[in-house]
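For reference, the structure is listed below as structure tokens.
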């Protein structure tokens, strides 16, 4: 698969939020500011890149040769948790200014990263392709989160039905957006890259 | 003495400033748009017959029923504002006449209930209800959405679809989309032959150029297509009426169509088997639901940006999206899905253009 | 001379000015009863110097400025003080008012006055006369004028702008004043230039008044005043100080304009001239009486304290029954419950709307047309601020710029859904101050 | 109290997202629900034991739901442990599913391993780990699992009937005859999001009704 195909696939066609439904954070749902949306995207891009690399290493060096692929889930989970922890420590140490806008130890990002890594490993990509895929997933996540958080900012001031205020409307909005994103399907991918 | 306080006259009004108002009013805007759509709808009904009436009637009735069901129990009476009727009408006009009647009903219902009333009704939805409803139909009933009613000339699919399948089959010939269609044996009407024969013979003959067969059909709307989208002249007339009355703003359709035409001309050539800078912009502009979408769905004030700069950006984004979706996408002719994506971008465009919608983007005082 | 590059802002209200341009200013009859509020300015009310039963002379000080932000109040007619009740002023504030019954002799009116030379006066003396005369900003600010003209020694401002742009649609009192008293205004500009040690004098007028350019150019040439004339777009609210300043120095309305120069309304300038050259306190002003219910709308020179109802009598009474009477202009003025409210220093006009004009309008849902965004001269998003306030998020509205709202009314004027945006934004400012929910 | 309730239903709905998109047929929903219930129950049984052996980290964690990962402090170790447990139980379920229903296992694909980091397991775990007796913890876990399963099956049922016109239970496919033209869009990811949006709204309405009723009962 070409680099462009991987980018389009992971950013648009198999968008983390809209087709895997991963990475929406429980307490507030969609982020309440664009800054935070982009921070989440950056966090996911970094984490998914590193984790896909790590997962590739673990698979090729340990799990597959030893016939331990049933241990993939715990290994990936720990890999991602550990990486997130390390990234946070590193940021605290070297760039504390960035801390408020990125968010490493977050369930949403971790679940999304796990999803991305699982897809990458299921699709048997190479290490380099995995890196690009992780980056693309982060980009797609940032894009969708930015759009959704702008929609959220707009809906926040409207008098919406009380039962639907907040999370329910965010989900319905995400659903409508997911419908629109179906424009980016496999046929689209094939035509763009083929034509 | 005509002192009102002592003259026993009616008491003076005590309303807050400002005490004068601009002449514009939202009352009846939606009804004006409905009126402007009727000629194009009538054309579609004339072409496709009773089936078209059925589809539009079901779409309209479902929209009105859905609006009534979601508002009347809450003591809100909004049917008079015309927005539900407009939504139902546009949904019907986007559909082919041969579609199963479940489709207009479900699309209108989805449009009103999910896309609009879930968000609190008119003015609060971020996606145009009709666009959402038609998108839902396109995703749900793909096969039914391609059930066209053939014309007397024998044409059974829209020229755009015929072009697509001809190109997909590798039957590209030099000379543009109509040449491809003619080579593929697409039937055009008898009127087309006689009108073009006259034009080519009497007006253009001495210039040694000629309009390709099918040009008259495509321009006049004697083609297969969605009920309300076939007649370009009547759609343009409706749009001109709305523009003249100040109901819609011109920035969005102008940017939309211009960007799309430029892209179709510059980059659309290779897709139709020709070189760069040779794309057939006019054929693409007049085909499919582009004019209907650009003038009647993209201009919905609720789902378009607040500022002038934002409207230019929105129109441009729509042009790009529609180009990409029409040439590479597979959801309908790419207009509806582009409008849906464009609607989703509007809140972002507003933030960028106004810089005042998010607290972190609040303008500095001064 | 013409300004360009300004953001397109504001609105073009329908031209309702029923007073023909160039119609002479008529003198209103001296009222038999004058009601003179002690609060006619920003800041605390003046201290009352008279008691019921006192006899007052024309132009006598009856209210003494209470602190530096306050302004003197003078009696506009000679006569007997009947009482000093508390009355409600247009807009809802309350103030004590001295009620005077006309009687006795006029000290000033009808007597020839000598024009005093002011060139030799020191800046302090000049300022003292302005302060004593109780002059306040007549363009709407109502800030005591001597505060604006007082500068620290040696620290002059760059610009001194005379603002002749209509402050409100339909109000042509300033325009009439400029046509009638151009020489006096030019003279007052020189005074202010001296007071402010201004490097540049500018007269700003609206596009719709550009026939005034030639006459002012001639006067400036004759008097040897170095003064530029700047023509600003005739859109409301381009008469606002900040926008006038932006028009004059070409930069967009940003930052406190006070540091770049001073903008003084022409009516204020005329009052300054009268105070300095004629030793006349602020006891009368020119205002516009108009509206669809008025038989013969016109500009009147009116004594402070005259009741609004009497002004309509001056203009031929009502041609049709008034449904709403507004003190001030149609965009920002306050509707009053009865015409028995006095003219104050800040009253630039009174409008009597007929029933057809005052028809109340039903509000419809916002359809996000963006008209209010285009109309707002301060680049705000009124519809979003309104919704924030309605949601009880007034503090967030302040963060998003509500504090910059001047309540000019452009958004509500432009709103096709008749949403009372100004009311809501005003509520929001109050609520944000309290930190409470509306 | 109501804010807490709100937060709980938010966790419930959001943890449903990946499971809901994976389940386009009722049978998928049953298998996903079984997995979640299994992991939840197993953890609620093992965790108190593990805690008894380990150092009792009895402080409640500060941000609970948003945090699946240890930051600092005394509960860090227990969170790492919980993560270990949940991923191991998930791996066990994967193995079992693969053995019992290999076709189903490959259909659900990556969504089974994702149970490990599901907000529900994590969110519960926080509540579980810190307070209460083993029995209370088990009851809590059971209640959460039941809510998850019920909602997932309900949403999937709606989506399958309206979106595919069928009801699939195991190999048996029931046709819903009156849906000759099913709205396929509901079977897509967007359909899952929209259905869950309404489910969240309904939960809130139900919660509010319930709270009002309880208030009345107390009077």
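Each chain gets a letter, A, B, C and D, in the order it is written, and its residues are counted from 1.
Assume a contact is a pair of C-beta atoms (placed from the backbone, for glycine too) under 8 Å apart; a residue touches a chain by one contact, two chains touch by 3 or more.
A quick note: this is a predicted structure, and the numbers were derived from the prediction, not measured.
Enquirer: Measuring centre to centre, with centres taken as mean CA positions, what chain is farthest from chain B?
Expert: Taking each chain's C-alpha mean as its centre, the farthest from chain B is C.
Enquirer: Can you identify the chain nearest the overall CA centroid, using each chain's own CA centroid?
Expert: The chain sitting closest to the overall C-alpha centre is B.
Enquirer: Whole-Å distance, chain A centre to chain D centre, using C-alpha means?
Expert: Centre-to-centre distance between chain A and chain D: 20 Å.
Enquirer: What is the distance, in whole Å, between the centres of chain B and chain C, each centre taken as the mean of its C-alpha atoms?
Expert: Going by mean C-alpha positions, chain B sits 50 Å from chain C.
Enquirer: How many Å are there between the centre of chain C and the centre of chain D, using C-alpha atoms for each centre?
Expert: The computed centroid separation for chain C versus chain D comes out at 67 Å.
Enquirer: Can you compute the centre-to-centre distance for chain B and chain D, using the mean CA position of each chain? Integer Å is fine.
Expert: Roughly 42 Å, centre to centre.
Enquirer: Which residues belonging to chain D are in contact with no fewer than two other chains?
Expert: 185, 188, 190, 194, 197-198
Enquirer: Provide the list of chain A residues touching at least two other chains, using ranges where the numbers run on.
Expert: 158-159, 161, 164, 169, 172-173, 176-177, 179, 181-182
Enquirer: Got the chain C residues that touch at least 2 other chains?
Expert: 384
Enquirer: What pairs of chains are touching here?
Expert: Contact pairs between chains: A-B, A-C, A-D, B-C, B-D.
Enquirer: Per the contact definition, I'd like the list of chain D residues that touch chain A in the complex.
Expert: Its residues touching chain A are 7, 10-11, 13-15, 17-18, 20-21, 65-71, 80, 83-84, 86-88, 90-91, 94-95, 109-110, 113-114, 116-119, 122-123, 185, 188-198, 200-202, 204-205, 208.
Enquirer: Under the stated contact criterion, what part of chain A meets chain B in this complex?
Expert: 33-35, 146-147, 150-151, 153-155, 158-161, 164, 169, 172-173, 176-177, 179-185, 187-188, 191-192, 195
Enquirer: Report the residues of chain B in contact with chain D in the complex, numbered from low to high.
Expert: For this pair, the touching residues of chain B are 100, 102-103, 106, 114, 118, 136, 139-142, 144.
Enquirer: Would you mind writing out the residues of chain C in touch with chain A in their complex?
Expert: Contact set of chain C toward chain A: 384, 387-388, 390-391, 393.
Enquirer: Which stretch or stretches of chain A touch chain D in the complex?
Expert: 18-22, 24-27, 29, 70-74, 76-78, 81, 84-85, 88, 104-108, 110-111, 114-115, 118-119, 122, 161, 163-164, 167-179, 181-182
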